[in-house]
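Heads up, there are several structures right after this.
Each of the next two complexes has subunit A plus one more chain, namely subunit B in the first and subunit C in the second.
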Partner chain A sequence: MSSQKLSAWLLWIYLLLFLFIMLSPLFVMGGAALNDSRFPSVYPWKGFTTQWFVDLWNDPRMWIAGRNTLLVAFGVVALALPIGTAGAILINSLSGATRAIVYGFMVAPILTPGAVIGISTLLFWRTFSIPAGLHLSALGQTSFIAAYVMLLVLARLQSFDAGLEEAALDLGASHGQVLRRILLPHLYPALGAGAIIGFFQSVENFNVTLFTRGGSDTLTVYVGSMVRTGAPPTINALALILILITVTATIIYEVLRRRALAREMAADALLK
Partner chain B sequence: MSELLRRYGIGLSAIFIALTAFWLLMLVILPDLYLFENSFRPYLPAVDVGGPKDFYSFANYLNFFQTPIHIQVFGLTVLFASVVTAICFALSYPIAYYLAKVANPRDVATLFLLLLIPLWVSEILRCFALFIMLSFKGPLNMTLIGLGIIHDPIRWITAYNSLMIGLVYVYILFMLFPIYNAIQSLDINQIEAARDLGSPWWRTHWRVIIPHSKPGIASGCVMVFMLSAGSLFVPSLLGSTTSRWFTEIIQQWMFDAFDWNTGAAYAFLLLLLCIIFVSIMMRVFRVSLADIAK
Partner chain C sequence: MSAAVELAGVSVDFGKFRAVDNVNVTVQPGEFFSFLGPSGCGKTTILRMISGFNDPTEGVVRIGGQDMRGIRPNKRPTALIFQNLALFPLMPVWENISFGLEVRGVDKTKRRAKAEELLNLVDLHDVADRRISQLSGGQKQRVAIARALAVEPKVMLLDEPLSALDLKLRQHMRAELRAIQKRTNVTFIYITHDQGEALAMSDRVAVMSQGRLQQVAPPQEIYNAPANGFVASFVGEINAFQGELSAVSGGIGEFKTANGLFRAKVGPGVSPGIAAKLYVRPEHTILAAAARPGANNIPVDVADVAFEGNFINISAKTSDGRSLTVEMRNDGTTALPPAGSKMQFTFDPAKALILADTTLPKPGNWP
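And now, the complex of A and B:
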């Protein structure tokens, strides 16, 4: 065996081990949801049960937290999509030092710890006598999720032919028509990706939400507090459901992304 | 700016600028300035706010610098977050390289999907999953005993052990993906040329692949360090009785003492730490902010 083949083989073994370590805790956590044991584990296995799903269904706190999570997530997407898109279009028309400075402020929230975003949001809105609550969670999360949308849209704008806009304007289209008919359709893939990523980032957010939520629960905060005070297996039932949703979303997202990629490559091939 | 006006007209341009201004001013810059401003003011009951007792001072920061245990926890947080960052790099670099340059492209699609799933499952749930694995009579110990590797269960959740394992487990993918993206953009011919010219494998990595992937490495290091040092949940679940994390002190000021002003000062120290770390990374790797965040 050549040394190159040997190293490829060793890397393959290492990758399998890595995947096993990354994924096995998720299987154990999900499996524990079906174990008839008071402790959240698959060992010892005491028999199959769906009791924990029934308990979860009957837990009113979970339903409120779930509703709150969706409210915040939809609010964040509704705010972050237009803000991020506007930011990307704006930064695309800037150059030089101005661009670097504005870009720096736009990406800063991604590199800021969630606790800092949470506390600063809380203190800032307090000066307008706006108390903590889910609305502040949405605003705090928007500050960095808009940055993700901005980056996605900006990347998409690089492949945009500004000549199309010029042509439309020359032919008498209004600025609104140019935006609606030419620019936005080109941006749809980035906006779709931004909406999915933003939604999930919001649902999973813990750090910003913890400081801004006031007395309200979101699912993540609910899970977090249950886990810290000795988790009942109902949390595993919830975890299993959330993982299954995540897996489905991941697969849909990947399939859509690859389809868009394939379409683009086909279009490129045609143009050449 | 004139280009914006020409392309989108006054109305649309105004909307774009207004949305961006709302974002940058109301959600980013002003909140951080208020954090800074509040960190110099005393914690007072509502009636005294704006009164004679409400003046600027360094008292909140002195609180930090005069409490040796807080300084120590801050130092340990910096140290352990750096170690976590280094471990994440060492563990994920071979995988990023393998996925980008060695593996069969047809397999990569599936492998990628398997890696994306844990990335999309929330930090809280993955931390809980690891907590179950590491518990004293948990699956990990039972498996190791079953395999005959150990005789008595190992106490994983002790000192900083479980916290470090947890931080690496939860944040390593934020290192893996940026490095993968960076290595992937390297032309395979450069690697083969180095090999043909007689470069041993380690020198090819050191002189060709790692220099090319510097933006990805810088990006991964910044993300992992920031997420680890700023982690709230991992230390609270996987920390032991002897491990303390700087964010736990911030939470105590905010939720136990209700002293938001001192909390602001401590949060500002955390922000400062991250700014310094980003600047160091930009210096060391000679990359721009645009390379780190993309």
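And now, the complex of A and C:
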């Protein structure tokens, strides 16, 4: 009995500790964004201010960096989805050593350090006289983000009944129609997850972008350069905004998901 | 009119394994034709070859007189109903049914109308907008049939479509399938390992074993005049006796067994010196108190009596421990022999067949 109580206590302590370590930096950072102090800190508290948000709003380089970040992220998603999906379909149709080799090639960029990907992207495209810039950042990031998409799609393909493809072919569908009407709809959840993960992987990417960006800034690179010259609390303001966007999006998604689930269950219950 | 489907000298090899071995068969238009055999006999391979998913290693497949070499599954006038039905889970019922029309570019209103019409044909109502997961097994079955009929195939290929259903529903769907086939007059080629299904539904049955056709004939002939020992023992219950054919006169042969010398009709291609067995169906045997003159008689002990209602199944043991089966019809006054009693197992020579013994597996051709 007492050992049960003890384990329950330990579980609670672990959980609280976990949440504390996870979340306290966020609170400190968020708090610092509202503190009227030239240095990003919550202590000593010098009074509430929205000054850092105003500064952020008035920083033109920040706006450009934000736009660049989004441009690269959308580019990466647009490239990584087809490449990752095609790779997954290919690997799924292979077996034995060929499968292992192709799989290894696809997954390798995940395990490769970002700096290596960044430098090799730069050197590779230089041989074709293509200068550095955001386009290279997108290509460099795609090389490892496509692998994440591939892993997600490959997992989803495991639950696909190949008999459905045969059934569609037998009914007269072309291979293109099978892909569009049968296989892709089955993969949509994985493609959605792949797009979201790819997007955030791109937004937060620093090291690949640093080597390939040429003269352009993205948010991570720009913030990185600001930290080098003493960190103004505008960075905290930016971080707080990003956190709020993420939390809001998550809550909206979860509410919508639960509503859809409830509708489906209600429809099923009507039939019974 | 040319044959609906013709297989001419068709063989299929998977590596060293010969799945289909020199099959020659012609299916007529509008026919309900079954391939019957145990699992692994090559019948599914034949079906996949007709639909175009496998290519024959040798020989030619013709549909409506046309050579099918080089024609892919999506260009063949066939529709296959898969064993697991392979309905599209993400489409509602009506889109499943009209999928074959959708890929042919038929517009949505026409497709919807055709789906409704086919749902009526297969006797399914008010399910057009349901999801597949909301249907029962029998309903899914009907949707699969409707989906295949939608493309107006010349030939419907059915791969054991009833095997997933429970017994009651299976028997109901048998009659239903047969009725749909008569209504649409489409050629049905049906694959099954269930002899009851094959006999009850088909115009003709092809019995297969180890990749080879054993017999192609109407159901009655398959049952009453099996071509060889495999067909006799695979289709229906049968008592078999090992022995040796000694003399033949007037179509009746003398067959020496461990239980005595019996007389029986001699089957096709059987002559003295060929490995053969004597076969007699349980319903053609009589359990008598005394030996009957002119009949074949074996003294037995009654081991078990199972009263089934319309008939009675009796298991009897010979002196050398062999188990024999007698089936008696219950006419309302039939007396049941008590277990343990000593009786004669008797059958008339005209009711028994001596057939080539082909029940042994061919060596070296089994996975």
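Convention: the second predicted complex is superposed on the first by the 241 of 272 C-alpha atoms of A that agree within 3 Å, B and C clash if a C-alpha of one lies under 4 Å from a C-alpha of the other, contacts with A are read in each partner's own complex, and residues count from 1 in each chain.
Simple rule for what comes next: contacts are C-beta pairs under 8 Å (C-beta built on N, C-alpha and C of every residue); 3 or more make two chains touch, one makes a residue touch a chain.
Nothing here was measured: the structure is a model prediction, and the numbers come from that model.
Placing subunit B and subunit C on a common subunit A by superposition gives a fit, with no clash between them. After the chain A superposition, the centres of subunit B and subunit C are separated by 100° when viewed from the C-alpha centre of subunit A, nearest 10. In the superposition on chain A, A:182 makes contact with subunit C only, while subunit B stays out of contact range.
Contacts of A:34 after superposition on the shared chain: neither subunit B nor subunit C is touched.
Looking at the superposed arrangement, the partner reaching more residues of subunit A, out of subunit B and subunit C, is B.
In the overlay built on the shared chain, the residue A:153 is in contact with neither subunit B nor subunit C.
With the two structures overlaid on their shared chain A, subunit B and subunit C come no closer than 8 Å at the level of C-alpha atoms. On subunit A, the patch touched by subunit B and the patch touched by subunit C overlap at residues 169, 174.
Interface of subunit A with subunit B (complex): residues 3, 7-8, 11-12, 14-15, 18-19, 21-26, 28-29, 32, 40-43, 82-83, 86-87, 89-90, 93-94, 100, 102-117, 119-124, 127, 139-140, 142-143, 146-147, 151, 155, 162, 165, 169, 174-176, 178-179, 200, 203-204, 206-207, 210-211, 220, 223-224, 227-228, 231, 235, 239, 242-243, 246-247, 249-251, 254, 258. Contact residues of subunit C toward subunit A in the complex are 51, 53, 72-75, 78-80, 82, 84, 86-88, 90, 99-100, 102-104, 130, 134, 147-148, 150-151. Put simply, subunit A touches subunit C in their complex at residues 161, 163-164, 166-174, 177, 181-182, 185-186, 268, 271.
Those residues of subunit B lying in contact with subunit A across their complex are 1, 3-4, 7-9, 11-12, 15-17, 19-20, 22-24, 26-32, 34-35, 38, 91, 94-95, 97-99, 102-103, 109, 111-118, 120-126, 128-133, 135, 137-139, 142, 169, 173, 201, 222-223, 226-227, 229-233, 236-237, 247, 250-251, 254, 260, 263-264, 267-268, 270-271, 274, 278, 288-290, 292-294.
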